[in-house]
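Structures given as structure tokens follow.
Okay, so chain A shows up in both of these, paired with chain B first and chain C after.
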Partner chain A sequence: MENVLSILFCLSLFYVAVTWRVKAYVTVLRFQGLILAVLLMIPFIYHFSIFGIILPFTLLLVKVFLIPRYINKIILDLDVKRRIEPTIQQMFFLLLVIVSMIIIFLVSNIISQKTPLDVIPFASGFSAIIVGIYIIMFRKKLIIHVCGFLILENGIFLFSSAVASEFPMMIEIGILLDVFVVVFLMGIALNKISSTFEGFEVTHLGRLKD
Partner chain B sequence: MDIKILQGIISLIIILILAPLFAGLVNKQKAILTGRVGAPILQPYYELIKLIKKETINASSSSFISRVSPIINLTSLIIAAAILPVGFWKPLISFNGDIILFAYILGLARFFQILAAMDIGSSFEGMGASREATFALFAEPIFFFTIGSISFLSGYTSIYDIYHSIQLTNISYEVFIVICSISVFMLAVTECSRMPIDDPNTHLELTMIHEVMILDNSGIDLFLYQYSSYIKLFIYAILEISFFYPFSQQSYILGIIIFITGSLALSFTLGVVETITSRYKMKNIPQYLLFATAIGILNLLIYTFTK
Partner chain C sequence: MFGLFIFILLPLFSAVICYFIKNLKIQYGISLLVAILHLSLSLFVFLGIYHIQLPTFFSIDSLSKFFLLILSNVYFWTVLVSNSYLKRPVIPKAEGGKKYYYMLLNFYLTSNSAAMLSDHFGMYWVAAEATTLSVAPLIYFYRNEEALEAMWKYLFLVSIGIAFAFIGILFLTLSAKGTTLEGKQLFFWEFIRNAKQLNPIWIKASFIFIFVGLSTKIGIAPMHSGDIDATSNAPSPIAALMSGSLRLTALIGVMRIFQIIRQTSSYEFARTLLVIGGLLSLFAAFVYMFKVNNFKRMLAYSSVEHLGLILLSVGIGGLAFVGAMYHTVYNSITKIVLFLMAGNIHRHYKSREIDKVNSALNIIPKTSWLFLIAYLAISGIPPFGIFFSEIKIFEGILFSDKPYVLGFVMFFLLFIFVNMGKAIFTMLYKNGDNQINHSAERFEITHLNAIILLILLIIISVVSPDILYVNIINITKDFGLNL
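Let's look at the complex of A and B:
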């Protein structure tokens, strides 16, 4: 079951690599949040505990409802153009993602021979981290950078769940809070930028002087 | 006669008879979803009967290729149909490595269709042929990555053996079904020139791929082309349904039920997809196909690293 969900997670990464629409990024974030929440809930099917169920539900609330809704609100408020603006061709981006994913699967297979870990969740999380970084590198819009950061963060989450089966719960919730605050701050920053510059591209920031 | 051969012949006949019905079902569902009454489900049969009564006229510039191509096309498609199992019956043609035959017999059909389109000498058809060749180039890896990975999983290279040997205790098969169905669906959409790639209903030559190649054909030739395109759609549908055959290892009846429900579900999915998507720009199609290839590669990766 974990494997199926991780593979769906990988598929969402491919989708992110080919889509042209800003809204699709938000949908993918929702989807990934849902997958992570379900992934965390699976152990509680067998031995239920009220205390343990808090984390999946917090995750669901933050990643599926709060953050995407907030990003959608920013997109609407600031009237961001609906098309992403890549700096390289989408086709090459997809090829880059495929090649990186192959390398990551190879590497994680090698690692798994030394230390015990689930290859597929590990490699999927790892790929999400890399794809998140690529998105930040190869897209111009700032709002997409926020999405890229969130995908990276989802990757870290999946990655950690493959390596250590349980983090202390308070740490996980702390991370979630962190992420939410970061997104919130990014939103405020975007608002400020929008009042200074037309459009929300990184290229504008290059002209800044102190 | 051996009972196995009889079963093979029956399943081939089933495929050949039901193929236009499947296309009709998809069109009907598409019509209902867009709020129209739509043509009757049996409309493809009526059209085929209408075509068979008409006179065949060949362009004056065409050579013998245009005359043999429709027949070669239909024959190749029938051979490809004979490789696929219906329910749990052994298909007529089944030997080690028949997945390669399956891929390239379809390739042969496409090759002759492209050749015939160029043979007529119309610039529109040459354009269609060029597009078909380009997109076929991108579609081939999807097939080999997907079916190749499933054949690795089972250890066999014959379509019939693959689905007979897979044990459902093998957990990675569930993953496979999810991924393979997506990539084979994209492959089917491409090969059969359905909606996101090509609009089967359009009659503007500049935007067509498959339909533009048969613009100059009429009568029996057009009948053969149309019929083979229906068979092609149904073949890919069966290819997709066969992923679910391992669930029916107990009985023949279950296999037939899976076949029927699978066809219905797939026609519904095709109808929905064709309703909610619009045709892509030509330059975006290779990207779409590369996406499907990426899914296929992912499939192979999963197989390789979870053994």
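Let's look at the complex of A and C:
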């Protein structure tokens, strides 16, 4: 089941690599959040506990409802144009993503022979981290950078489930809260940037230089 | 629980109270009281007068005790001068932001104390990220374009850096697979105790990610740009806070993982990485000082230089490590003075550009003299502490297995000293074209602060209290280093 969900997660990365629409990024974030929440809920099908279900529900609330809604609100408020503005051609971007993913999956397979880990979630998580970085590098719009950062965060989350690292619930919720506040602050900053610089592209940020 | 209350919960309550009370003077009073209590308790804990008990996820050892005292000290002086800073005129847009200033400062203290006292990697991560969140809005205090850009870059770069550090923490979990640590919580002390069992390759990967990630926050080259922009555009007390304490919060994370890796076969690799990071930072500062045009940026680069030197010395080990620990104290105190005086110069000349600051010694003599003395202190001129810590560092490097590093370090430091001096002397002595009539400079709380701190700096370095020495030796022992 984990493998199926991880592959769905990977497919969402391909969609991100080819789409031209800003809103599609938000949909993907929602979809990825849902996958992660389902992934967390799986163990509770066999051993149900009210206490343990708090984390998946918090994740669902933060990653599927709060953050995407907030980003959508920013897009509406700032009247962001529908098309993303890539700095390289989409075709190259897709190729880059595919090649990176192939390498990651192959390397993960080699690693798994020595260290016990779930190859597919591990490689999918790492792929999302890399794709998140690519999005930040090869897109102009700052709102897309925020989405890239969130895809990277989702990747880390999947990755942590693959290495079976269990943090205490309090810390997991702390991590989610931190991510939410980061996005909240970035949203406020974006609002200010759009009113101060009359645009929200990375090219507007060039005042501070040595 | 008393320790937890004073160090973490009280600043948090204070932050909540500051949010609801709109009067800045009351906010100042509450924040100052919290700062005094925090400083007193951390001093008592450091002196061994009071032994604190902390709940799960928190504990105190020689290193956290030491860094906590530095944090408390920097924070106290920052809060003390904050009231006078908030009275200074700012653009109308920035007036509204003042009401959040103390709330964010208190939240900064909570998260920073939590990060320093945490003994669990997860808790450390949450707290370290929270420090970024508390300081980012403070960077945007002036509400101008530069401040906005600096805030965005800082928030974005450091958040990504911290995310990388999280990947490093996950690799640490992988390194524990198949050992007695598997499935256990990520407590520092458990990992330090059982470090020999860890998988050397994963621990290496973990170190790389944690080091590179936290470098964005420490300001280690080549990840220093966000930090430089933030420090140079933040109000001076915040810049002092960032240079004096926030960088140490990130440094403690790197030192924890270094403490673990020290016992494994990947130790040499980690040492080399720290030395390279340190040298690159010195090099970045060295290059910048040739084209310096903004005095606050110059001070931010000076922080990159000194943190680079500290990291390099931690990597070298032995006596250099002891020197590095002394250096953290001296650097933090000197940086408060430098940034506060830079703030005074900025207020007077309404510019951060060196070319626009002329005859400062005649126009604002009190600030200028203190700025000059602080410059001499940061450059390692006796009797100020940095002279003694640098001597220890140099001796440590010379008698280490990498003596050639000393050549690079001294070369970089010499040019940084000369170029920084050139810029500062231009500001202080060069006669300007447009001499405006200036009224005599008033003696303010920032001057009093600077004088007390400089005296404190001399006292600590000349007297060299036994308790400080013993604590640093204890840290050295915790790291298993031989002197």
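Criterion: the second predicted complex is superposed on the first by the 205 of 210 C-alpha atoms of A that agree within 3 Å, B and C clash if a C-alpha of one lies under 4 Å from a C-alpha of the other, contacts with A are read in each partner's own complex, and residues count from 1 in each chain.
Note that in this section contacts are C-beta pairs under 8 Å (C-beta built on N, C-alpha and C of every residue); 3 or more make two chains touch, one makes a residue touch a chain.
These figures come from a predicted structure and were not determined experimentally.
Of the two partner chains placed by the overlay, neither chain B nor chain C lies in contact with A:M137.
After overlaying the two complexes on the shared chain, residue contacts for A:G174 are found with chain C alone; chain B is out of touch. For chain A, the partner touching the most residues, choosing from chain B and chain C, is C.
Looking at the shared chain after the overlay, A:L95 reaches chain B, while chain C stays out of its contact range.
Of the two partner chains placed around the shared chain by superposition, chain B is the only one that A:L11 touches, whereas chain C remains out of contact. Of the two partner chains, chain B is the only one touched by A:F105; chain C is not. Contacts of A:A123 after superposition on the shared chain: chain B is touched, whereas chain C is not. Considering their complex, residues 57, 120, 122-123, 125-126, 129-130, 132-133, 136-137, 140, 145-146, 148-153, 155-156, 159-160, 163, 166-167, 169-171, 173-174, 177-178, 183, 185-186, 199, 202, 228-229, 232-233, 288, 291, 297 of chain C touch chain A.
Contact residues of chain A toward chain B in the complex are 3-4, 7-8, 10-11, 14-15, 17-18, 90-91, 94-95, 97-98, 101-102, 105, 108-109, 112, 119-120, 123.
For chain A in complex with chain C, the touching residues are 115-117, 129, 136, 142, 145, 149, 152-153, 156, 159-160, 163-168, 171-172, 174-175, 178, 181-182, 185-186, 189, 192-193, 196-197, 205, 207-208, 210. Against chain A, in their complex, chain B makes its touches with residues 171-172, 174-175, 178-179, 182, 286-288, 290-291, 293-295, 297-298, 301-302, 304-306.
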